[in-house]
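In what follows, structures are represented as structure tokens.
Across the two complexes that follow, chain A remains constant while its partner is chain B and subsequently chain C.
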Partner chain A sequence: MTQHFKVLYFASAKDASKTDGDKFEWSDNINSEVLTKLLLDRHPDLAPILKVSMFAVNMEYMDQDLSWTVQPGDEIAIIPPVSGG
Partner chain B sequence: MDRLAGDSSSFKLPLQHSFMATTATTESLEVRVKRLEQEKAALEQEVRALRLEQSIALASAPAGGARAQKQQEQQQQQCANTNGGAATNDLTASSAFAPFEKVAALTNPEIARYGRQLILPGFGIQAQMDLRNCSMLVVGAGGLGASCALYLGAAGVGRLGIVDHDTVDISNLHRQVIHNEARQGMSKARSAALSVQLLNPHCEVIVHELVLESSNAQEIINAYDIVIDATDNVATRYLLNDASVLGQKPLVSGSALRLDGQLTIYNYRGGPCYRCLFPTPPPSETVTNCSDGGVLGVVPGIIGCLQALEAIKIATGLNKEDPPTMTLFSANSSTMFRTIKLRKRKAECIMCGDSPTITKLIDYVRFCGSSATDKTPDLFLIPFNERITCQSYNEVLKGRVPHLLLDVREKVQFDICSLPSSLNIPLKALPNELEKVKASLEGQPDRPVYVVCRRGNDSQPAVRILQENGITTGEVKDMVGGLERWSNTIDPDFPKY
Partner chain C sequence: MKDIVKITSDIISLDEIAKAVADPKAGAISTFSGTTRDNFEDKEVKTLAYEAYIPMAEKSIQSLITSARQKWNDLIHIAIVHKIGDCPVGETSVVIAVSSGHRVQGLEAVHWLIDELKVQVPIWKKEVYTNGGPNGTDGGEMWKANNTLP
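So, the complex of A and B:
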């Protein structure tokens, strides 16, 4: 059975991807580098935003430097800084 | 208070108060009641006017309520010391650093005012005293600062500093509910202070009418216990973060745009600073301001309320055990609020880490590549001879010169207002819709094309796109200053937004 993970887009990431969330097919060894590539393949406009965004996995801050990989069912949030007020 | 009495003496009461027995005998009861009601209404109006006048004087003193007189005396003393006795109306810096006076007990009027908080289990007199003896700095009297400053002032914060360099504009009022229509053109910091003062004279409000920058931020921030980031631009956010880390102040940061908002407390109880989460400032072309991106008024209002709440919790110790979090608000999502758990500060953070490389404030405008305000700058991407002024375009219209007017604003803006017979293709969509432009030349390949947008910025890259694709052999120019200038210089009836 195919397993999935979810990506949520906030603020300008939502504007660039034109959706507030996506489902991706899960596979082994999706680390943050692979994840970035998957995201850009689907939404090229995210390029400048991903570079400055914070990532959260299952509602917890994720350090992109760590040797982390996506688990089936994970919910990944892309959180760019919002500066308006 | 003598000065206030002096100021208010210029008011003349419009009615004589001679409602004694003499008139009573000649008037019917009904007429008398009516007359007294009118007098009452007139007097109430006078009282309101005087109160406002008093608040303006208080705001510029600056001081509040029971402390007004004492502070004014102190200030006069200071003026006498420093200016050889010359009076000064400077309401900014000097007074902010007058020592913040803490008290040991609430007054009876304060107890009456804060009664509902005083009887609140888990809050009570101790928390109210903590608030009274706390000073907070709200940076930005815009959409976030509006609700934040009002609630903080109302709740009973002892001293509230308000920073803003801007003036009140009619397009602010849908969200910046601390200002009002009569205060257009007035300094936002002053207007906000006035509103807080009208709501709660016990709160001492300090007005900082200035752009917060590296040269002045540290001194101002150090004078307060808690800093609230209610700004509207990236450069000031990094500045506030760094100054709060250096000054060891908790930073309650809020932001809002369109239908989304964020809330985080930085630099608090071992939690991260802004740079831990966002080490790289976003490229300026990806940053949208409220003026260009739009914002639903209540969204910053909600975030500002949350900032006030968090600041109150910090001041009163209500959030002792809370781990650091970021709250995300999405107005049109089925889950409006999400809370992201954050880590502790990053050991390698260049600001708050173990070996920080930033040890004093830097040039934030340069670091962020964007200005310290949210104003949209005028861009000059193409030479002036490839542009047309509003006046010249008006001549084209009057002379009925055949041409195509291409409006490259987003459809949502085009729907508000547009010039007659203009073709709307948003800049983003233009490269894919060039055929539509060609078709609109009506078989005249040398027909001139004029491009217009809101302010004359987006129209410039559009000119380049049309030129590079050889859309017409005639001229391609964009209108300098866009529709905003069209309204200012040619047609005052054309709406501005």
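So, the complex of A and C:
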């Protein structure tokens, strides 16, 4: 059974990808570099935005210095620089 | 001790929110209101448009409130309400209201909460200009950025 994970796009990432979310097929060993490549393959216009964005996985910011891999069913969000308030 | 966290597309009322944190034990209600300013550099701003990753924003705001209660022990009720959608000039985008026994900690907590909200919480604002955007951007609008996370 193919497993999947979800990616959500916000703000400038949503404008660049022209969608608010995508479903991707899960496989082993998708770390942040592999994820970035998957995203750019699907939406090349995301490139400048990904450079300055954080990933959130299941609503937690991912530390850029720690290694992590995507799990099946994860909800990943592209978080461009925030500007609330 | 109430924590009120709300993300809404309705108009925000400072008065209602201040009333919501009132308490007989409070000697002070401290508040902050963020309002849409009509200018950015030399451009005229027509409106701000806010977008949020709502469940994470709610979680993040709640987490700030929990941290504030750890930093200051005199806080009673805390309310943070943020608008999403359009927020034209003069309208309020965010209200933070804190009741406390004495004024010092309430004022400090409000200050800290808005500063932290601006760098932590996944909410974004887009400025919509009246005459063409900066750098000739189409649609005369631009996503803003506060400080980026480290």
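Just so we're on the same page, the second predicted complex is superposed on the first by the 81 of 85 C-alpha atoms of A that agree within 3 Å, B and C clash if a C-alpha of one lies under 4 Å from a C-alpha of the other, contacts with A are read in each partner's own complex, and residues count from 1 in each chain.
Convention: a contact is a pair of C-beta atoms (placed from the backbone, for glycine too) under 8 Å apart; a residue touches a chain by one contact, two chains touch by 3 or more.
Remember, it's a predicted structure, so these values are computed and weren't measured experimentally.
Colleague: For A:77, select first, second, both or neither according to whether it touches chain B, chain C, the two together, or no partner.
Modeller: After superposing on A, A:77 lies in contact with both chain B and chain C.
Colleague: Going by the contact rule set out at the top, does A:48 touch chain B (first), chain C (second), both, or neither?
Modeller: first
Colleague: So, A:11: does it touch chain B (first), chain C (second), both, or neither?
Modeller: both
Colleague: Which partner, chain B or chain C, is in contact with more residues of chain A?
Modeller: Between chain B and chain C, B touches the greater number of residues in chain A.
Colleague: Applying the document's definition of touch, where does A:85 land relative to chain B and chain C: first, second, both, or neither?
Modeller: It touches chain B and chain C both.
Colleague: Counting contacts the way the document defines them, which residues of chain A are shared by the two interfaces, the one with chain B and the one with chain C?
Modeller: Comparing the two interfaces on chain A, one with chain B and one with chain C, the shared residues are 10-12, 14-15, 52, 54, 56, 59, 61, 77, 79-85.
Colleague: Looking at the complex, which residues from chain A come into contact with chain B?
Modeller: Against chain B, chain A makes touches at 10-12, 14-15, 20, 48-49, 51-52, 54, 56, 59-61, 63, 77, 79-85.
Colleague: Can you tell me which positions in chain A touch chain C when the two form their complex?
Modeller: Against chain C, the touching part of chain A is residues 8, 10-12, 14-15, 52, 54, 56, 59, 61, 77, 79-85.
Colleague: Considering the complex alone, what residue numbers of chain B touch chain A?
Modeller: 140, 142-145, 230-234, 237, 254-258, 260-262, 277-278, 280-283, 285-290, 293, 295, 300, 303, 326, 328, 330, 333, 338-343, 374
Colleague: Please name which positions on chain C make contact with chain A in the complex.
Modeller: 34, 50-53, 55-57, 59, 82, 93-94, 114, 117-126, 143-149
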